[in-house]
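Structures for review follow.
Look for chain A in each of the two complexes below; its partner is chain B in the first and chain C in the second.
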Partner chain A sequence: MIKIDIQKKLHAAHGEMILNLNLQIEQGELVAIYGPSGAGKTSTLKILSGLLNPDSGTLSVNNNLWFDNKQKINLKPQQRKVGYLFQDYALFPNMTVLQNLAFALSKNQDRSILNELIEMVELGELQHRKPNTLSGGQKQRVALARALVQRPQILLLDEPLSALDRKIRSKLQNYILSIHRKYYLTTILISHDIGEIHKLADKVILLEDGKISKQGTPTEIFINQKVSGKFKFTGEVLSIEKEDVVYIVTVLIQNQIVKVIAQSTEIEGFQIGDQVMVASKAFNPIIYKID
Partner chain B sequence: MNKLQGQIIEIETSGNISIVSVTVNEKVKLKAIVIETPSTAPYLKVGATIAMLFKETEVVMGTDAQHAISLQNKISGTIKHIEKGTLLSKIIMESSAGEIIALISTNAVNQLHLKVGMNAMAMVKLNEVMISEI
Partner chain C sequence: MNWEPLILTFKLALVTTSILLVLSIPLAYWLAYTKSRLKPIIETLVSMPLVLPPTVLGFYFLIAFSPNNAFGNWLNEWLGIKLVFSFAGLVIVSIIYSLPFMVHPIQSGLSAIPPSLKEAAYVMGKSRYSTLVNVLLPNIRPSILTGIVLAFAHTVGEFGVVLMIGGNIPGQTKVASIAIYDEVEALNYSAANFYSAVLFVSSFCILLLVYLINGGYLKRFWK
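Right after this comes the complex of A and B.
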């Protein structure tokens, strides 16, 4: 569990601001930080990774103190098991994919992690290529793999997918989710994409002016329209097919595929990959025991 | 989905279930049954403005107002548009509650001889109506 209770004076664009965080994140959780520019989102990740020192407070991970200004404890970035991924891939242009990953190995670390990660993000065929021959999505997959070389417990993602187009973004989201689950990481994601947050995050923290103004599940935070239906799920649109005067919308809800009949005005503006809410009344579903 | 905005005029509660009556444009009365009570859903208040939502496929169309029928929600109006498909047809009816869209079988459209300009009745069971806070 990550326990954060820190204060830091920041010099934001509109003057001084106090970042005041009091927050607990369970191991294995994927938490999204959402909020306007200059709210302190990136500073929060920098404090976690040790790139920015708080003025006061404590930070502990699994009961180990990483920062405590009273006890003068402040672990160096390289002592904290944290993987960091930014929008900017920051790959070494003169090195191949494999060399970029190998450069992140710590002294005497077993190299087998490299192959495991290359397989995980499907870079096998690209491993001997230089970054300038790769697409944006491929570069970000390399950067994601590199962030995991040192087997971090915590993965920090600072809007890593915002420069990518929708289709590639959706694919990268799947890689992030499977990596998060496979390595049982605690992942903190900064994102402005509400669909992305619905797809990835267990919990959302709304950060405004350096303070947490709200936290809850993505549905609690973003679906403010309170529909009385008791059979409500969010999912991803996989396909929309026209059939007679209606449309059949196929939606992936967790790992189940459902189909919803909709008519033209209901699906206006829908695109493949969009996050949607599927709702029905508790009176409609039938229920029976599976033998 | 059909969405009609109105004011709550009555809430009958028994245990965890309530039947909520709403008037739309002070003319049409609609009812919804929900697993909520005024204590679990603060928006359930007499006088509050809410939206009633129901799926087009759950709308029953008729031509006569005098059916002996269990359906609690009956809205009369005039058919404005019919789009016929092979199996299903889309009907848009103009009513004093606003536009109602129904998706019914093309067979039923033919049997009832539904035509643009005809008076008709749209009906929906109260357990098909959802309530949404505005």
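Right after this comes the complex of A and C.
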């Protein structure tokens, strides 16, 4: 079990901010941290791994103190045994895939884990390639395997899949889930993708301005408050065209372009670039699975 | 033809560059990652030889190393080292004089490496030393090569500081740049031309090699 009670002053883009965390994570849980950029998500992972020193508080893992400013205990990152997957993968460019993994071995560790991991993330054919010849998804698999070489109990994932397209993302989510279960890890994942959090996480922590504003299961956090049977999206107006007696408004919702028919009274005062809400009541949407 | 000044020049450059490389890696590492308030002062000191006339450096070293002064006297009596008008003195002055040419490329190379590489190695339980040797240095090879060549070339081209502290002793301190000056003074143009031409061609070849290696031209050629 991880017990965190930590304070740290951070210098964020909009001035100083106090990161104040107080939470408990059970062994074997997969916890997602969700929140706007600059809320302190990456700093939380860095504090857990020892790369960033908190100002005050305590941090203990399975009843071992890792940090306590009163007792002057602060374990170095080298002593903490965590697996850390960096946002930019942090693969060593001078080493091949296999060498990257082998470098992570601790002294006298059995090399057989290397083959096990390479097989698990299906990197066999790529093991003698250098990282800069790999695609984003392949790099991510190498980084994931490398984070597991030392058999950590805690796995920290900093937006591991945000740079990848949907198909590869879904495959990597499966890798993460199977690894999490197979090694009985405690995993903490930063993600901006609500779908991903639903698929992977047991628990979500909503972090805003350095504070935990909500925590619970993904359903509690994301769905319960929003169940209304309505289709409601916000987007940006891209263009307004007149067609006979109606107007056609083109709206960008996330990364989808949608055309909406509107009366002249409805679009009064609309300008291109405005944020608008598109909503619909009393109709039956069709839902089906894509590929 | 007398090859002695040329051999001496390259010997001086080789010894200076080797010692500089060993000194500069820890210094550049410290400068690249420290948050100490002393950093700007140390940075300034390292860069001073870039702006100071070589004669200023030479003058102060001459004063400091002179056996008539406390420090020079102590060196002479206790360690039996005479740094004025000797090869050892030239090496020490050259190290100081070429320090920024070695430290700056290595420092900027280290600063340009994403911090996550270092952090990843630490999280894997690797020490700072192991991280430096296995992760950081192999990824800044072009910077190290640039530093080595600039320091070497700069030492070859030294004149004022050598003249001040080394004088003009054949086989000891009479390096090629001094010899050229000497021969011109004596109106011996053919000898001056010989030294100059050798320096010109060798400098061109060394720099060309660096640009070929760092630009990846050689790799393409081999493939």
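In this section, the second predicted complex is superposed on the first by the 223 of 291 C-alpha atoms of A that agree within 3 Å, B and C clash if a C-alpha of one lies under 4 Å from a C-alpha of the other, contacts with A are read in each partner's own complex, and residues count from 1 in each chain.
Quick note on the criterion: contacts are C-beta pairs under 8 Å (C-beta built on N, C-alpha and C of every residue); 3 or more make two chains touch, one makes a residue touch a chain.
Predicted model, so just to flag it, every value in this text is computed and none were measured.
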First (chain B), second (chain C), both or neither touched by A:Ala279: first
First (chain B), second (chain C), both or neither touched by A:Glu125: neither
Which superposed partner A:Val245 touches (first chain B, second chain C, both, neither): first
Partner chain in contact with A:Phe103 - chain B first, chain C second, else both or neither: second
Partner touching more residues of chain A, whether chain B or chain C: C
Which of chain B and chain C A:Glu266 touches, first, second, both or neither: first
Chain B and chain C footprints on chain A, overlapping residues: none
Complex interface listing, chain B residues touching chain A: 1, 32-36, 41, 43, 53, 56-57, 83-90, 101, 103, 127-128, 130-133
Touching residues on chain C, where the partner in the complex is chain A: 114, 116-117, 119-127, 134-135, 138-139
Contact footprint of chain B on chain A as seen in their complex: 225-230, 244-246, 261, 263, 265-266, 279, 281-284
Complex interface listing, chain A residues touching chain C: 46, 49-51, 76-84, 86-88, 90, 92-94, 103-104, 106, 146, 149-150
